[in-house]
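Which chain is which? They are A, B, C and D, in the order written, and residues in each are numbered from 1.
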Amino acid sequence: MKLFEYEAKNILSAYGIPTPKGELATSVDQARKIAEKLRPPLVVKAQVLVAGRGKAGGILFADSLAKVKKVAEKLLKMEIKGIPVKSIWIEEKIEIKKELYFGITTDRLNKSYVAIASSIGGMDIEEIAEKHPEKIIKFLINPKMGLRSFHARQIARKMGYEGSQLNAIGKIFERLYKINIDYDAELIEMNPIVETAEGKFVAADARIIIDDNALFRHPQYKKRFFESESELFPQEIEAMKNNLAYVKLEGNIGVIGNGAGLVMATLDTIQLYGGKPANFLDVGGGASAEKIAAALKIVLSDPDVKTLFINILGGITRCDEVAKGILEAKKKIEVTKPMVIRLVGTNEEEGKRILTEVGIPVLDSMEEAAEKVVEISRKGGL
Amino acid sequence: MKLFEYEAKNILSAYGIPTPKGELATSVDQARKIAEKLRPPLVVKAQVLVAGRGKAGGILFADSLAKVKKVAEKLLKMEIKGIPVKSIWIEEKIEIKKELYFGITTDRLNKSYVAIASSIGGMDIEEIAEKHPEKIIKFLINPKMGLRSFHARQIARKMGYEGSQLNAIGKIFERLYKINIDYDAELIEMNPIVETAEGKFVAADARIIIDDNALFRHPQYKKRFFESESELFPQEIEAMKNNLAYVKLEGNIGVIGNGAGLVMATLDTIQLYGGKPANFLDVGGGASAEKIAAALKIVLSDPDVKTLFINILGGITRCDEVAKGILEAKKKIEVTKPMVIRLVGTNEEEGKRILTEVGIPVLDSMEEAAEKVVEISRKGGL
Amino acid sequence: MSKYPEKEAYNLGIIIDKNTHAIVQGITGAQGSFHTRLMLEYGTKIVAGVTPGKGGTKVCNIPVYDTVEEAQENHPVDASIIFVPAPFAADAALEALENGIKILVIITEHIPIKDSIEIMEYAKRVNATIIGPNTPGIITPGKSKLGIMPAHIFKPGNIGMVSRSGTLTYEIASSLTRKNLGQSTCLGLGGDPITGLNFIDTLKMFENDSQTRAIVLIGEIGGNLEELTAEYIAREKYPKPIVAFIAGRSAPPGKRMGHAGAIVMGKAGTAESKIKALKEAGVKVAEKPSDVAKLLRI
Amino acid sequence: MSKYPEKEAYNLGIIIDKNTHAIVQGITGAQGSFHTRLMLEYGTKIVAGVTPGKGGTKVCNIPVYDTVEEAQENHPVDASIIFVPAPFAADAALEALENGIKILVIITEHIPIKDSIEIMEYAKRVNATIIGPNTPGIITPGKSKLGIMPAHIFKPGNIGMVSRSGTLTYEIASSLTRKNLGQSTCLGLGGDPITGLNFIDTLKMFENDSQTRAIVLIGEIGGNLEELTAEYIAREKYPKPIVAFIAGRSAPPGKRMGHAGAIVMGKAGTAESKIKALKEAGVKVAEKPSDVAKLLRI
């Protein structure tokens, strides 16, 4: 779960990491009041969760109260990558001497956290990493030790700092690691962390993604996860509520399957035959009839979907439950779109019987089924 | 630093460990109001830090509002082991089926924490431990693992619990360990933890001693450490403020030395020659003249002190600083009590010169000096 | 596949065999008890179950204990399969490890990354093998299974399978079985970012397993382990033939772990990158699941 | 003492010797710089200092670095002596250990117990020797010292000394020196409840040290390590003569660690208990510090 910049900065600040003084506004009037308090020059930043906000014009500068008003007005009417801007963060402008990068994420191979630091940060950090890998410090964190003060200082030294700056930035790294652990982050980064003209360090932007699987330890975010994921499609929100993994795609063939790998392979196969999947929907293992019905409802509620492909290979998932779910969905919603169903595995015979009895044909081969659904969709769906 | 029962119980409660509902009162009127809210039968407990409060009559029961008033009045006028009772904790009376014991402390040999549990707890737990060591479960805690849920359940099983009780009491052990770590406790114990008639568990009494050396991590207690250590002699408070280790004893020879071992050996030697030390005062290593002066003032402010023995073996501590401190103290307070000074080690010559110049004799041998101070004290001090 | 004749008497599989004595942690839950029955039916030696607070009961006639310690006091235990819900799974895994169990199959999905990191760190220190989390488990067809895979789609044979995906493994395994290509051992690494065994570990085991003549490697987008595996295969001149399938070629650029993730991964992570790396290492890569069998027969 | 003639050429001391290369962590503090000078004057090979943020400066002409890592890049390092203030001491010790230093002398006092437990756990895992915390350190008279003890009260010889107390060690060492009983190595275990080396560890080292002919053991009230040491001496029939002094016979029953402490310790902890245990193990116990020399001469 991604946190908004303002949420992340408030956490950093609570852990003693210097951030620019700032406040959140959801209206132009509020923005004006905040600006009067903080006094220009100020930075006004759209609070959206999509990446690339800066390049999309979501970060603007204002050197007068009038300009703040204008800029706030503009941003609060803006959409960034299709997402309407609902709130803006107004903060003091920092005198930048140098932009640095520091982040922590997981290292799959080493099964641990890894800190990434660079004495050149900012929007082009990934390009720098590619072209000048020697500028990037990767510091593997021993899980039992964590990132200690002395580790943080080792990194700071490699970034070229010494004296009181070495201790100051080291403290920031150490604290960021503490946030990483306390908040179960799967990513935490400050980009840039700024070295100011006076040689101080300030986290000018911050990003925290909390591990969704750890939300049970962070009830305050679990709540907000459902409340304010304003940037999702209605289908995505519905899927979340039903514990289904759903991703909207750009085609017209709705896809439902069990197991992420199988669903992905289904999408690939559809594409191989020239079709375009409208979504990814994984019902997971051992789905009940209710869950299958919910999945159907979600996919069919997408107007882009012209045909539906259900691909089930029953392991823990029972084919009879899937068949019942399909009937249940049909009962509750009018299903006018054509469906291709592939159903094999546990309780296969019973599942097939249930469906064929009501006149729904069932296929055995995933590839045949994919070919068929592509053919139907090519004919325009109906 | 010892916490009061009510402080400990509030912490336990914040960590989800069931404790009897209760509130703190410092007056009879307050007690009455609390009793009306909680409703008798109630337990009223003197809040003092000395051990053995129960046997000293500091815990009383009240089955009516009138009785609560009476009991509160009595306790708030009481002294326990010389300590006046300033506050009382009033809590609901628990129906006790069984008293258990659970505590965590450090294990010097194994250099780790150790949990101690017993299915027989209460005031006589130490006697039980001696007579029936098989009733005592010692569980060494691996510092890197901590006391996990499964460890807690292993202990609960050895105490004879199963089913939901095993999980319930296990959770309490696990949480107590978490408090132990979060609060830097050097001791934490629930004695008794009560199994109620309904089979629930409640921490009926709780004791937490915070590691004094870790108070820098717990500023809230560091503050209160000086504010409300109401049970100390004025000399002890003064010593604490000056970072001196002071313990009041029952004799009449004041003792000042550097290093706990040396001061202890000094007390032993005084006793060996038939004298009685009035205190233990360790100025620590590398004491300045100011610290020495403060030490003298503290010891001489004790009316029980008839003679003074200063025993310094200079290592990091410099004898000239000690000599200057003695002169400084003499300047500020009138020293009428006889002093015996033993001063050897770093800068010994200079220290001796300073003192002998003003007519204060200095000895070389600790044992000679001890003999002499005992002799003087035997003659009545002066 | 004619150059790999099937034998009557199979040797041991990798990691587990007929004589592996296992406990089931979380045996009293719906999944735990259901699969305990299926594993017993398959011939797996499940000796005990553990569910805190359910000690003294039985599941499928298997005794249930409150703690792993108690299970071990009463039974020989080599392995544990874990069905414990995610919030408590790390505790269960650490309990098994601290009690000296050296093979863990963690079925549980949605375990927090922080917990998985802790489990893996401990496992590494005590030299234990972890399969999962979020895995269908491991099966040595005809011998034993510690997992939730439908047994009937497998048959004994010479193909080792290792996969990051559950149902996709079933898809491919059943197509192999239909084409009479039996399996030596099939192992799901688990779908989480942090897992115990990885492709390289498993390839090493298959290399030393005389039963295994060829390997099917099933990867998917995300992470860079397939790329690192390709490097390993090329560097070590891996001696057994490998056929791979990578799911997710049509997926849009997935959730990226911020800049840090991008820097750690470089260009790795896409199906394209993985397929390219594997092909360069001499691995045959199937376009569709059903092509795997065809490529094995070449 | 005539049966232990003093030799001209001394062998190595225990733990440190003339060739031990040491760094000083916290070298720029008042204590750190003061004792660096004294150690250098005594002949100790101090090669570098570490104080975060003070890298590039010098103390007593010794280069100072920001990190142990950097000190090691530039110097051979066998040992570290730590003067870092208590809140940061654990970090310094862990830094030394993680960088592979196997001998640590932690002078710092008032380190929290939780921190000490962590240091000791790590040290045990990597097989490092920790002296302290809250110790005067270690001296091999005439060779080297890593510590804060006044050097002039020691002289080379055959008596090994191990103590829980600083100034009391000086008291007894100087009385031995005055009576011409030189010392092989004198080591302060540290006055904290949790320390690295203990009496038993040190006795084992003295047993294997040909230079050491007899041992002085200085204990004090609190804890049960003297009692456990007595058990060890009796059980192992410790081959070298030991004279002990226990401080605190006149102390009132000390601060007890609640019931838990009492249960862990049993009746141990008082001077009476310790003296009794040591005497029963065949150790001579001195009544006064000055009696130690007399008992050594018997």
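To be clear about the criterion, contacts are C-beta pairs under 8 Å (C-beta built on N, C-alpha and C of every residue); 3 or more make two chains touch, one makes a residue touch a chain.
None of the values given here were measured: they were computed from a predicted structure.
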**OP:** By the contact definition above, name the pair with the higher C-beta contact count: A-C or B-C.
**Re:** A-C
**OP:** Sort the other chains by how far their Cα centres are from that of chain C and give me the top one.
**Re:** B
**OP:** Return the distance between the CA-based centres of chain C and chain D, expressed in whole Å.
**Re:** 52
Original post:
Any idea how many Å lie between the Cα centroids of chain A and chain C?
Top reply: 28
**OP:** Please compute the C-alpha centroid of chain B, do the same for chain C, then give the distance between them in whole Å.
**Re:** 55
Subject >> Set of chain D residues in contact with two or more other chains >> reply: none
Original post:
If you look at chain B, which of its residues touch at least two other chains?
Top reply: 144
**OP:** Draw the chains as points, connect those that touch, then say whether the picture is a line, ring, star, complete or other.
**Re:** ring
Subject >> Complete list of chain pairs which touch one another >> reply: A-C, A-D, B-C, B-D
Subject >> Residues on chain A engaged by chain D in the complex (per definition of touch) >> reply: 145, 148-150, 153-154, 157, 162-164, 166-167, 170
Subject >> chain C residues touching chain A - in the complex, by the definition given at the top >> reply: 31, 86-87, 109-118, 120-121, 124, 136, 148-150, 153, 163-171, 174, 191, 193-194, 198, 218, 220-221, 223-225, 228, 245, 247-252, 256-264, 266, 271, 287-290
Original post:
Can you list the chain A residues touching chain C in their complex?
Top reply: 51, 101, 103-109, 111-114, 116, 125-126, 129-130, 136, 138, 142-144, 181, 184, 186-187, 189, 191, 207, 209, 211-214, 216-217, 247, 249-250, 257-262, 264-265, 267-272, 277, 280, 284-286, 313-316, 344-346, 365-367
Original post:
Can you list the chain D residues touching chain A in their complex?
Top reply: 52-56, 66-70, 88, 91-92, 94-95, 98
